[in-house]
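So that you can tell them apart, the chains are marked A, B, C and D in the order they are listed, and the count of residues begins at 1 in each.
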Amino acid sequence: MNETMIAWAFFAGKILLLFGLAFGFIAPIMVWVERRVCALIQDRYGPNRVGPLGLLQTLADGIKLLLKEDLRPNEVRPWFFILAPIICVIPATMAFAVIPFGPPTTLGGLFAEPKRLQIAELNAGFLYVLAIGSLGVYSIALAGWASNNKFSVLGSLRASAQMISYELAAGLALVSVVLLSGSVDLVKIVESQTYLWNIFPGFLAFLIFLPAIFAETNRTPFDLPEAEAELVVGYHTEYSGMKFGLFFLAEYVNMTTVSALAVLMFFGGWEFLPFLPWKDVGVDVNGLIPLFGGFSLPAVIIPFSWFAAKVAFFMFLFVWVRWTVPRFRYDQLMSLGWKTLIPLGIFNIILTTAVIVFHRMS
Amino acid sequence: MEIQQILFFSFAALILLSAALVALRPRPIESAMWLILNFFLTAGLYILLGSNFVSIIQVLVYAGAIMVLFVFVILLLNLDPREFGSEAGLPWTSLVMFIGFLTFIVLSLHVATPELMKKLPEIKETGAGVFGSIESISMVLLKNYVWGFEIAGVILLLALIGVGLLAYRKPPVRARAIHTSTTDTMKDGGAS
Amino acid sequence: MMSVPISYLLFLSFGVFCFGACGFLIRKNALSLLICLELMLSGVNIAFVSFSRLHQNEAGNILYFLVITVAACESAVGLALILNFFRIKKNIRLEEANALEG
Amino acid sequence: MDNPTEILSFVMGAAALMPLLGACLWFWIGKKFGNEKVAEKIVSVGAVSFMAVSFFCVLYTFLNVEGSARVTFFEWIRFNSKSAVNFAFLLDPLSLTLGLVVTGIGTLIHLYASGYMHGDPGFGRFFTYLNLFVFSMLMLTFSDSLVGVFLGWEGVGLCSYFLISFWFSEEENANAGKKAFIVNRIGDLGFLIAMCALFKVFGTLNIPELLAAVQAGSLTPDQLFWIKIACFGLVLGATGKSAQIPLYVWLPDAMAGPTPVSALIHAATMVTAGVYLTCRMQPLFLLNLEILEILAFIGGLTAIFAASIAIFQNDIKKVLAYSTISQLGFMFLAVGLIAPVAAFFHLITHACFKALLFLGAGSVIHGLHHEQDMRHMGGIRKKMPLTFWTVTIGVFAIAGIPPLSGFVSKDEILHFTWHSHRWWLIMFAFTTAFLTSFYMGRLWVMTFFGKFRGHHEAHESPVSMTAVLIVLAILSAIAGALNWPELWGGSERLNEYLRAVVSQAAGEHTEEAFYSSLKLAGISSLVGIAGLTLAWFRYRNFAGEEFKAPIFRIFKNKYYIDEIYDFAVVQNLKRIGYALWKGVDGFVIDGFLNGCASVSTKASLRFRRLQTGMTQQYALWVWIGFLLLLFGAWSLR
């Protein structure tokens, strides 16, 4: 194997790993987790028939969705009706491309230089995530509009307004993190918090960021666009079969993305504990872990798993919040966004800047 | 032909195609969709040109903010064809297209000179960072163009205020009545 | 990176601009007009960024930022105006906005 | 404030600013402050006290300035690096004397007016104008530059206009004001021409520098020519302001104003501005003796001319107005004969006794309920004893009965005239002296003696008026002491004092001169007594009859001067104005404008088709224009 082929294989491996995880593992597991946790919270069993602990339930659901008849109501606007779920998945997937899932590594000496565990080695990754994240609104808007259904339109209107508003809040919160880390490169942001995680100096930013990502992903307590009681299920009322499945999938992928972002921005990414990075524990990310029989694994698997665990915690948080917190009213949602989070975000930026400037001067 | 050139020509062709469709599709939503595609392709072009930051901003601001606003308004109005008007007649359309074509030709004649035919130079360092990177652009922006930057901020603020004034409507009486009555009930509920 | 003449990029810019201008004149509803305005600005932006690359100078990129600032303001104000127009006329047909007819 | 100059500038600033401050205050107070009576009280007390402050300031300066002094307040107009006009006061004998007269007589007349104007709805307005007038007059008097003098000159003209047409609701009064204003403009043109010419020659408008440059001599013929122009201009200005031939016509009409105004402005102070100016600029005139000759002739002619008209006037104020013109003629006669001290002396005495006469006449008018026609008066000496006695002193003073002030000052002028050996002027002067005493006697007799021919019962005026009359009567009686000729044992103080500024031939101190002057004095007092006697017999039993001979009609109609002016000037101006209105304004200008309007109307009727109201069509036009520009730019490459 020459170096070019190794590089290509590495590239393909990253893609496969990430997207395999995202679509083949995280989404199905999350569906199962959601239902099980829901049941746990509501003191019932949840799916437990298909496979062990009902783990194959999602697979069965997926097969059902794929095999279902592709219904298309008469009054919908045809092209856009089909387009909407497609462009729902695209941004969700694209955002994944710049999420680093481990420290730059030589994979146990496979490469001369440490390589980034990131599909697209973009140095403005943070902006890219924001940019792509803001596109998710199109699919929702289109879906509602194309359905030609009053509930759907209302749902998508709500979704658009909500996502535009909270995008601002999230962006403002993240700007202060960028100020703290001094870079927009996600890898560098993580490296900057080797010891001091951004959650400590940027706690206010995190307080803004957390509700903002809940709203961004249209999750409870901000799931107004699909509020069943008011709007049936909002923008995807008219969708069924795999088109609905795509919306469903995108939601979980988005959740994963924002969870990963939260971990990367605030919780030190793949680092072990605050003030205790892997290298102080003795883990060399470029090294190898010997296994039985002469086999060995790259040591980078450890930070990667730790990162995955942190993301999983956030995903769990999503689920946890969903089944415990009641839904906001729409005007409350808007006033929270515009009258609390955004001013707070601006104040936070000014405060952070002032502190940084003061710190540099002294 | 290198891969970059192939990419450029395909991007250029797609940009022109989507631009034409923006201009020619009758319904605003279709125009908007093609425009979004156009902006994405333009962002790709900017990456080819080496202006990475500009490319991201193109997606973030144009596609992510401005066009969302358009789509939002289109949804809000939820127009049927009767409400957004009939199509222009063929004579008018052909006249406009002719003038547009003429303008394109004349503009192109202006730039179709040998000295403008030379290839673009390679990207190099600009002192603060690679050309087109966020560091390089922000150094120039905040050093040489800081007044323009500030004025842009003021313009945005003015637009914000202006739009607020334009779009603000006093809530209709009924809605307010409902609002107050709900709060009243809530109070009552709390009391009893 | 890319090795095409600047004039090709300018042709592209002119093309996008002219399509935008044509659309501005052909379309009969105010929303499409605003969309075509954005297209024209985008065409101008292509020229700016290209020149920036040609001269290896960030000035063109910075002009791009100023242009999108203006574009954002313009579209926001324009959409607010369209909303008001719709409230009054119950449509957005531009030929109904002819109160200044001579 | 230890520095004497600082004290002076403070005091003089106060003197000038008190009236200005008053002018700002009274209008507001008179209009808004409480009820009318309170406002009147405040205004009258305030105005009189402000004037008194101003008077005492000038008096202080008068007593404390040795020779002359200049106080500069600030730089006003800068012409170039070398010359500038300052806002500055020139304090020398001439200006201080006039300043004392202005503020002193002004204070008395303010006091008088507070009684006379009692109950008038425009009470505050009246004192505003009056105080503004005093400010302007002080500017005129004290300014050390011609620009400042001109400011005051215009200011007094403006206030004169305001006050003549004070009761503007009657058209006649308004017309009189306009007449005064317009006629004065002609004189002002002369002043402006003089200023321009002097600036051309000397490059400065500051009076001391100007006069110093003149006295330094060595002027080229060209410069002398321009100085002559300037002198002509000054004479024109002086005739306008001081109501001399040919610009005297406004003064009789100016009697339309309230009587205190006539006394202050049109007898005592403003009309003497011309005399003051010619005295002030005397060195210029000494370079042009022929202009002085003309000035003397104008003065003499005006004196006899106005006196002959005065005989036939029945309005008591008109008589006094013509008398004023006549007396001003005397002053100009003196100025023209290079006797400015005599002129100034007469100015002072005239200010006293003419103010007295006017105020007395005002008192009579007030007592007779605004009756001004002497034919409807008569026999009121018993009813108004104070007025009668004070006016008697005034009449005797102006008639030249020794030893009252008028006798002394007039005799001095007659003396100079006699020694000039110009027979015309001598004839004019003596005839005028006779006529003066005759018409004053006529006024006196017709008003106070004989039967009462009026409609209303007469009553004596209030104390504020009669007190002023008494003060002025005393002044009229004793003012002659100021300049009692040395030949008769006097001191000639005024002469000594003014000698520093103006030049006048010194009198001889021989025996011969003494007898000759005594002879002259005898003649002049005889002339005065003769005039009074004649009037006494002629009008003692006046019952409405007049001179019947046709020759007198010309006097009665004031030599038809108003008609001649009307025919020669006013009608022609009206014709020119009409032609300009119809021809230039109506045809050319209006035609042009209407043509433009109609062309644009017609054009726009066609072009409005372009205004379809369709945004996109406009955009297309813009685009086509842009395309043409592009084509042009490309084809020019």
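As a working rule, a residue touches a chain if its C-beta (ideal position, glycine included) is under 8 Å from a C-beta of that chain, and two chains touch if they have at least 3 such contacts.
Every value quoted in this text rests on a predicted model; they were computed, and no experiment measured them.
Between B-C and C-D, more contacting C-beta pairs join the chains of B-C.
If you average the Cα atoms of chain A and of chain C, the two centres end up 34 Å apart. Between the CA-based centres of chain B and chain C the separation comes to 8 Å, rounded to the whole angstrom.
Mean C-alpha position of chain A lies 98 Å from that of chain D.
The mean-CA centres of chain C and chain D are about 76 angstrom from one another, to the nearest whole unit. In chain B, the residues that reach two or more other chains under the touch definition are 53, 57, 65, 67, 69, 74, 76, 96, 99, 103, 107. Shared contact sites, meaning residues of chain C that touch two or more other chains, fall at 21, 25, 94-95. Shown for chain D are the residues in touch with two or more other chains, namely 620, 623.
Interfaces, counted as pairs of touching chains, are A-B, B-C, B-D, C-D. Interface of chain B with chain C (complex): residues 2, 4-5, 7-8, 12, 15-16, 19-20, 22-24, 26, 28, 31-32, 35, 38-39, 42, 45-46, 48-51, 53-54, 57-58, 61-62, 65-67, 69-70, 73-74, 76-77, 79, 82-88, 92-93, 96-97, 99-101, 103-104, 107-108, 111-113, 116-124, 126, 131-132, 136-137, 139-141, 144-145, 148-149, 152, 155-156, 158-160, 162-163, 166-167, 169. Here chain B touches chain D in the complex through residues 96, 99, 102-103, 106-107, 109-110, going by the rule given at the top.
Contact residues of chain A toward chain B in the complex are 80, 83, 122-124, 127-128, 130-132, 134-135, 137-138, 141-142, 144-145, 153, 156-157, 160-161, 163-164, 167, 184. The part of chain B that touches chain A in the complex is made up of residues 29, 33, 36, 52-53, 56-57, 59-60, 63-65, 67-69, 71-72, 74-76, 78, 133-134. Taken in their complex, chain D has these residues touching chain B: 620, 623-624, 626-627, 630-631, 633-634.
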